[in-house]
Structures are given as structure tokens and as C-alpha cells.
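Have a look at the structure below before the remarks.
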Amino acid sequence: MTPLLELRSVSRHFGGVAALSNVSFSLPRGAVIGLIGPNGSGKTTLMNVISGVDAPTDGAILLDGAPVQGLPANLLARRGIARTFQHIRLIPDLTALQNVTLALRTPSAGALDILLRLPRLGRIERDRRACGLKLLDQVGAGQHADTLAGGLSYGDRRRIEIARALASEPRLLLLDEPAAGMTHSERTSLRDLIAGLPERGLTVLLVEHDMDLVMGVCDEIHVLNQGNSIASGKPEAVRSDPKVIEAYLGAEDA
Amino acid sequence: MTDLFYAYHNVIDLCLLNSMLAFGCFILLGVNLFSLATGGLMAIGAYLSIWLTMQQGWSFAPALTAALVAASLAAFGLGSLVLRLRGDYFTMATLAFTEVVRIIALNWDSVTGGALGVFGIPQLTETWQLAGLLALVIYLIWAVRHSAVGERMRAIAADELAVSTAGHDVARFKLALFTASGAIAGLGGGLAAHLNMFIAPGDFGFLRSVDTVIAPVLGGVWNLAGPVIGASVLVVLPEALRFSAQMREILIGVTMLAVVLFLPAGLVGLPKLSRRRAAS
Amino acid sequence: MLVQQLVNGVSLGAIYAVFAIGFTLVFGVMNVLNLSQGAVFMWGAYVGLEVVRTLALPLPLAILAAATAAGLLGVLSEVLVFRPLQRRGAHRWMGMVGGLALARILIGLAQEIFGTQVVRYPDNALAGAALELLGARLQLLQIVAIGAALLMVIALAALLRYTNVGRAIRTVAFSENVARLVGVPVDRIRLMTFFVSGALAGGAGVLWSLLFQSVSPFMGDGILLKGLTVLILGGLGNIVGALVGGVLLGLVEVASVVVVGSGYRDAVGFGIVLLILLTRPTGLFATRETTRA
Amino acid sequence: MASVTLSRRAVLTIGGAVALSGSAVFAQTTRVAKIGLVQSTTGGSAALYGIQQKQAIELAFAEINAANTLKDIKLEAIHADDGADRGQTVNIFQRLIRQDKVVAILGPTLSNSAFAADPIAQQAGIPVIASSNTAPNLTKMGDFIFRTSIPEDQVFPTVLRYAVQKRGIKKVALIYGLDDALTRGAHDVQKKAVTELGLEQVGIESYQRGDVDFSAQLTKIREQKPDAVILGTLAEEAAAILRQARQLGFDDKITFIGCNANISAKLFDLAGPAADGIIVGASWFEGYDSPRSKAFVAAYQKRYGSSPDIYAAQGYDAAYLLAEAIRRADDVTNSRLTRDKLASISDFEGVLGRFGWSADRDATVQPKVLIGDGKSKVFVAAATS
């Protein structure tokens, strides 16, 4: 069976600087894959390249065996790739619910429905609202549905962003440091949430600095350093890999 | 009473017309597009509509429809080319479009009469038509804003990237809005042409575009009353300040500057501001 | 004829360049599009005129006085409009409308004080002098204009490259936050940048009215559009680009008169802007600096 | 904001007080003829002509009122500035007619504004006299529309014929303002006259309002070696063209032929000696040798400290023509009667000379061919024999 996503020698250069060079790995279906590395190692660049926010300078990205590198973000989202951001990108002047329904794939109202305010419009919007509420409940933010996103706590916004990513019914979910800024108990429920995603048919690529979380939920871990893939494998193996330890220690030195 | 109405008939007409045109810019400002294409798009609507009513014997309604369609198509074409430009580059490209259209109009004697303009245009635009069409435009924008599409608009204004990673084609959405704003400009152009019996290419240049986009900024970019208030103020202010012929320009400038500096939400924010002052 | 037209184009373009460099400097450093720049240019021309006519001082002093006065107007626009808007975090179109409003006030004041009539600088030794070169007549004034333009650009380049102030300006251009962190007095540097920008506009105003013998309250409107065109040709915030773009626009305008016909002179300029934007979305001379835009 | 309202109120109060005291003085015996005076005093180059006309008309009204020419009728000018913006001109016409109930309107400054606003006066039956609109077909808008500004086509053919006879001109180049109705209208007339006289047209160049650099166009024209360059330009643009032509080394033998709008002291102020020898045609010039004209120039200079231009002279005559019509009508509100009396004037002796109306209510005045004298900075009448 082809992997859900496969990276083949993906590189991304900014001017003369290589943010990613020849990164290759694949994401098997239904797995939770961790992506770690020191700051500036290229994790977010890789997320951007996969989600279409950025395009690779070189290399191929295959989704279900079909090349998708360089496609715009909205098309990749339609093809099943959703993501969250390291710096939360919720729309502050929309409510939590509106932020989630923004990404729903259930049909939205047509031009005529909207302009003539046909009765169908109310029904459609009610359905979308119900879908959005369900997703908010799943991430544990249902009570904030009608609060403006800008006024919510960091942890709540993180969870709502995950709900928005789930709203587009993705097959691949890219989470960029979802635990950052969360309290301990929030992290625990986040861990449960992520662990439950494969059962719903999702594959997850997780970038995270919280090693307990990474080691706890990931089936496999890839390590980046200065744009190069330096190690990959089971969590236990990676944890004891001297190259990985050196990369982290070296980074702390600098 | 009727005399009073007729004494300010044209002032009322211009308030209504300019308010409508301002909505064309309003919907674009809503997604962070500062467009100066209004003049050029209006010119297309204006010249097409008078050619149809004066040369081809069309009646007013179909001529206006044709003006609307033609300007929408022009906006669609222009938008597909220039919407990918960022910020000020987009603004400059739309300004270049307006100026190029104006200069073509200046040189295209057989249709536009050059600088001498076209006169004797039948006066077909009525106040009630302007009021009705303005109401229609306001209703349509209201309906869109109070739907999922309106939420998407607000989201694009705040964070385009978030919207596109949520699966929406932001470029296509903006193109649709730009086309809609072209429709408003084309309709406004046709109405303007049949309002004062005369048009010349100078009516549709840089200044027209600037005035149209300033109206919602002054009135308020987030409130549906904004464009109406902004455009009306810009029409009424020169009339109200006529008592001071010499200081008029300066006073208009000072008023504009005061709004920009002290009313972040535009003139619609004025009552709220004064209430707050009164309360504290 | 060709040589003559080249002379015509370069001397026109040199003034466009001086104006546009001031314009682009403010953009490059502070990401502000100051639409009152045309009115500042006009005021520079009037101040220079008054110095020559009323005070009967020599021309170089007039240019200096005009540049200083225009520089102060630039400072005024920062203090009155752009700084409060930036503090408030206002949207950039507020700054554009604020600039237009300020321009309206400045033009109205000029009308009040100087009247609406077109006036000109008194004749001096420079006005009539010309020399023949390869069959073209090169006026002394044109040489002065081109020379002064080059001088201003070199002075600015030296200022930016070799002085502490220049380094500070470049740091602010890179990032205001970084500048604050390394102890650059950002507010003062912004004021200085606005001063330099206004001074360049004022200097351009005097050169312009010397060369074309025409001063009026409305003279800034046309040059504002030209300045915007040059800004795009050269890339927003790119100083070398503004120099090259200015001269290029001068040449393009002259060439369009020769080749296409004078009725389409401005359309050719704007048409080229459109074409350039469609092929190179950040201008002809896009550089690192311009990616901010 | 508060101070603005306050000052406005103050202005209104003072205005009201003046009006009150005025009516008290003239109580019962005085009738006031309210006349709309629509001239641009702001709004770019239009303001140049607008201010001149406004001043000349106000001068005329003051003279007429002081001399009690109309016995118990006093003329009151209600001036409104349209900022050279057509929408505002329409606003003003509607207000003057419906609210201020004027008996006649003098203006507007620009032909473009006239095409939009005059039909309103025509519809309401209010006579309008223009003194700076020169666009063709203007008075065809209706029988209430008059003008004292001589359209170019009444003047230019005479001028061109004179130039051809005296200077042996065969090849001409034309330059004109593309985006200004006045200059564009002048150009059309000039082009037609050139064709009718069978002259060879070697080139046509144009520019846009606000342009001050004409060197590219002039360099091109120089290559075409014309005998004459015909200017469809405003005075300040003509001055720049003359000056830059000299700087580019134009042959002294090349004749410059101007249009109506060039008749201005401004031309000499700006062009200096370069204006020497320019040929223009006009209904009037400052040095026109008639008692009436000399008195006008003196009075204007005394009151305003500057010289009147041709638009001032045309405005001044318009004011006197309207006063004469009101005198004949002996009525301050009946605008139709005023219009009929105005149309009946046929032998008016004005600043422009002996005056009458054509069938289309255009002024008919003997055109005068003038030559610029750059040294004494005046136009002198050409010997047309």
C-alpha cells in the first residue's frame, strides 16, 4: 500500500540558505509521526512546504502517490491536508464557532440562497453550526462557541485551531507545536485527542518540543537538524541516538 | 417645499450616486484592497451606456444593464491580472488602469468627443432610481455580510493564509469581489452619464477614483452606513463651506485629516465617541 | 534630433529621480506612502522663489532654504499624521488618506498666500545660456539640474552608507523593533528620514521651476503621479531603482512623443508600469528591501 | 469643530445685519435685482479666469449702483465658487434658481460646466451670459443662453489669413492641450482654418494640463521645419512653449500664432522677450484704443492693483449688458422679460467695441489681430491693410 504522503529529496532554499536539504521520508496511513529538531532546524519550513503555504525549491511530494508539490494551500486543503500554526492563526474578530465553520466542507449556501435569503439558507446555516459545535465539543471548547476568538486563552485558541483543522475533514493533519502554552491538564487532554485521531482515519504529523507528548503519542519520529534529516525511527531508538543528542546539545551551546 | 427639494436636487442625487459608487470600494476595502480602478471602470460604463442610448436608440434600463455587464467583464479581466499584486503595487496598477482608460478616452474622438466631451445626453437618471439602486446595493451587501460568505470576507481581511489553508481559494474570492465592484462602478458610470447631460474624460480620472475610495475610509470601513455617510459628507462639505470661498479647500482638508486622526472607525464612530466622552 | 531628445529626457528624468528618491526613502525606511509629497515639492518651489525674489539671495541659497523648509514640512507630516497613525496601529490606507488631506491643506494655504496664478523665477545669468553639443542644445540649466540631481543622490548614498545616522536609518529600515533593541532612537531617525525626504522634494521643486519656469499651487499633483510611477519602475523603497527609474521615465516619455505621439505620452508611462507589474510583480529592480512591500 | 460653526454663525449674522441695514436704507424706493455670479475662484487653472471675471463683474455692478444708472434698482451679485467641478456648478445653479430666485446668471467659468448647468437655467427660463465659455455650439443649448466670449471660429481665420499674407506661411505645425475643452476647442477651429487655407500641416502635437515640459514636442516640431507653429494653449502654456522654443534654438523666422486664451499680461510675465512677435486674434486687448476700454482698464487697476485680461473685459461687458436689459425691462424678478430685452440689445457700446448678438446669441465683435511686443510687454494692433 502506498504511504499517504511521501517526501522525496525535498529541498527549500532561501537565497543562499538551505532551510531544507534533501529531506525524504514517508507517512504511513493512520500513523502519528513526530517531527523534532532544535529551533531553526527546518520543521516549520517542512510543514509549510507540505501544506502548500510554501513551495519546495526541489524534490517531490506525493499524496496518495500523486505529485502535489507546489500546489496552492487551498487545493491541498481540499485534497485532505489540514494544519495548525506555531503562531495561532485564528481570526480574532470571528467567534470560535465561526472560525471552525470557516473550514467546513459541508456545502455552504449558494449565491441565490444568500441574496434572496431563501428558507434553505437558515437550514444550511443551522447544519453548519451543528457540525461546528460538535467539533468544538470534541476538542473541549464547546462552551466558548460564541465568544470572539481574540478574547480566549492561549490553550483554548490552540484547541479551536485544531477543531478548525478537523473541520475540513482532512486525511493528514499537520500540528505545529500544539502544546505550546498549554497547562499540564490541557496537555493531557491534547494527548488523548491526538492519540484518538488515527481511529478516525487521520494521519498526523506532529511538530512538538514537549518530549513527553512526542514520545507518548508518536509511532515514529523524524529528526531534523539544519535542514537535514539526521535520524528517524521508533521513539526509544531516536531518544538514544547520539546524533540527535549532539544536535540538541550543540543547539543549546549556541 | 418642492422648491427646497429642487434647490438641492442635484446635491441629493450626487449623495445617492456617490454613496453607491463608494460601496464598490467598500467591499474591496473589506478584504484589504485599496483600488483606484473606479474611474476607469465608470468610464467604460458611462461611454457604453450613452453610446447605446444616444446612437443605438436603446432605452435606459437595458443600456444600464449593458454598462454593468461591460464594466464587470473589464473588472474581471483587470482583476485576473492585477489581484496577485501585493498592497501598494495593486493600488498603483489600478491607478495605471484608470489613467490609461482616461487617455484612451481623450484620444478616441469619435466615441468620446475627446476633451470637448459628449453633451446633450438625455437626462434619464431620476432620484428615485438612484435611491432604489442604492437601497438594492446596500441590501445585497448586507445579505452577503450576514452569511458564511461574509464571515469568509472578514477572515480574509484578518488572515489570508489561514483562510487558504482552511481550503478556500482566496484569489478567486477576491476576483469575484472585484468583479462585483466593477458592476457597481459600471452601473454608477451609466447613471452618472445620464445625470448632468454632459460627460468628459476628465470626470473619470485619478481624482474620481480617489474621492470614491476616500468616502468609505472617512465614513467607516466596517459599517454599512460608512460609505453613505462618507460620500454624503464629501458632497455636502463643499456646499456647506461655500460661505468661505477661500478657506474652503483648507477646511475640507482639515476635516478629512481630523477624521483620519481622531475617528479610527470613521465618522460612524462619532456618536459612540461622543457618548463615551459624555459618560466619562 | 536624437541627441537633443536624449538631453530632454535625461534632464526631465533627473528631476523625477530626485523627487522619487525622497518618496522611496520614506517608503523603504518606514513603509509609509506619503501622498503629501507633491505638495511639499510645490512648497519648496515657492520658498525658493520667495528667497530669490523677495530677499534677492543667490540661487544656491534659495535651493538650501527651499530644501530646509520642505524638509520641515516632511517632519510636520510625520509628527502630525504618520506618527499618530503608526502609534495607533492604523491601517495603511489611513496614512494614504491622511497624506492626501495634508496635501489639500498645503495646496489651499499656498493658494491663500501666493494666489493661483502661475509665476516664475526671475531671469538670471543661467536662464538663457546654452551650449551646442553634437547638434543638440544643452542649456546650462539642464546641466545644473542633472548635476544637482546627481549631487543630491550621491550625498544621500554617502549619508546612508558612511555615517552613523545612515547606519541607524538602514537599521530602522530593516526593522524598527531590531533598531529599538540595539538602542537606535527610532523616533528621531524617523523624523530625520522625513526631513531628508522632504528636503529632496523641495530641492526637486526648485530645480523643476527653474528649468520649466513655472510655479503654481497645483504643480505637485502631476509630479506625485510621476513619482508613484517611478516608485513602481524602481521597486518600492529602492533608492538606486528610483534614480534609474526616474531617468528611465523621462526617456520613456520623450520616446513616446517621438514614436507613439504626444497624445499618448502619459498612457505609455502608465502602460509600461502595468506591463512591468504583470511580469515582475515587485517592480523592475526588486531587491531584498522591496520584498517588504 | 465648534469654532467652525461659531465662525459660520458669525458670518451669517454679519451678513444678515448688512442685508437688514441695506434694506432699511433703500426701504420701499429700492428694488434689488439678484444676479447669480458663478465663477471658479478655486480649482486649478480655471480659477485664473474665474477670479478675473468675478472681479470685473463686481466692479461693473459697483459702478452701476454708484451711478444710479438703473434708478431705484440695485444690482446684487450672489457669488458662488464651483471649484471648477461640474457637479458643484449644477448644485449652484439649482440653488440660485430655486432658493435665491435670481433673475439672471453670469457664468459659469468653464465650458464643460456650462454644458451641464446651463440646461437647468434654460428649463427654468433664467437668462445666462457666459464670458469665458468658448466651446463651439454652446449657445445652441437654448434661447436663454448668451455669451460675450467670442468663440475662436470668429477670430482665428482672420488671424491666420493675416499671418499667411504678411509672413508667407506655407507649412504649419500645431500644438494644443489635449484634455482641456477650451484648448481642444481652439485646436479644432485652428485645424479647420489651416485646411481651408490650403496650408501644409507638418505635425500635430499635444500635452496635458499641468505639463510644463514641452521640449520633446518642440524638438520634434523643429525637425519638421514649419514656417509657423499654431498654439491651442492657455496663456501660461503658450509662455512656456515660446520660451522653450527659444532655448531649443528655434529659427527667428518661425512665426507663433496663438489663440484667444493667450491674450493675457501673464504671457509676457512668463515668456518675457520670447513672446515677441506672437500673432493672436481677439475681441479685446489691454491696449485697445477706445475711451470705454481705457476707462475700464484704469478702474480695474485702481480697484484690484493688477491688469485685467480678456476674460475680465468680457465679464465686464456681460455685466453691463445684463444691467441694460434689466433697465429696459424695469423689473427685478421677471427673468423672461429680462431675456427678451437682453436679446433686443443691438448697438451696445462696450469695452470690446460695438456689440451685437448673432442669431445664436453669440457676441459679434470685430476681431482684432494683435502682435506681441516682448519689450514693452503688450499686444499691439497689427496693421491689417
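Quick notes on this one:
Lettered A, B, C and D in written order, each chain numbered from 1.
One rule holds in what follows: contacts are C-beta pairs under 8 Å (C-beta built on N, C-alpha and C of every residue); 3 or more make two chains touch, one makes a residue touch a chain.
As the structure is a computational prediction, the values presented were derived from the model and not from experiment.
Least step count on the touch graph, chain A to chain D: 2. Path length between chain B and chain C in the chain contact graph, taken as the least number of steps between touching chains: 1.
Greatest Cα centroid separation from chain B: this falls to A. By C-beta pair count, the most extensively touching chains are B-C.
Inter-chain centre distance (chain C to chain D, centres taken as mean C-alpha positions): 36 Å. Our note on geometry: chain A versus chain B, Cα centroid distance of 41 Å, whole angstroms. Rounded to whole angstrom, the centroid-to-centroid distance between chain A and chain C, based on C-alpha atoms, equals 48 Å. Each of residues 106-107, 246, 248-249 in chain B touches at least two other chains.
Across the assembly, chain C contributes residues 108, 111, 263, 266 that each touch 2 or more other chains.
Those residues of chain D in touch with two or more other chains are numbered 42, 178, 208. Taken together, the touching pairs give a contact graph of some other shape, not a line, ring, star or complete one.
Touching pairs of chains, sorted by label, consist of A-B, B-C, B-D, C-D. Interface residues of chain B, counted against chain D in their complex, comprise 3-4, 6-11, 14, 106-107, 114-117, 119-120, 123, 196-198, 200-203, 235, 238-239, 242-246, 248-249, 251, 258. Chain D makes touch with chain B in their complex at residues 1, 4, 8, 11-12, 41-42, 79-81, 83, 85-88, 90-91, 94-95, 97-99, 112, 115-117, 119, 135-137, 141, 177-181, 183-185, 188, 208. Against chain C, the residues of chain D that register as touching in their complex are 42, 44-45, 47-48, 51, 178, 205-208, 210-213, 215-217, 219-220, 222-223, 236, 239-240, 243-244, 247-249, 266, 269-270, 272. Per the touch definition, chain C reaches chain D in the complex via residues 1, 4-5, 8-9, 12, 108, 111, 116-120, 123, 128, 130, 137, 139, 208, 211-214, 216, 218-219, 221-222, 253-254, 257-258, 262-263, 265-266.
Per the touch definition, chain A reaches chain B in the complex via residues 51-53, 72-75, 77-78, 82-83, 85, 89-94, 98-99, 101-103, 105, 108-109, 114-115, 117, 121, 125, 128, 164, 167-168.
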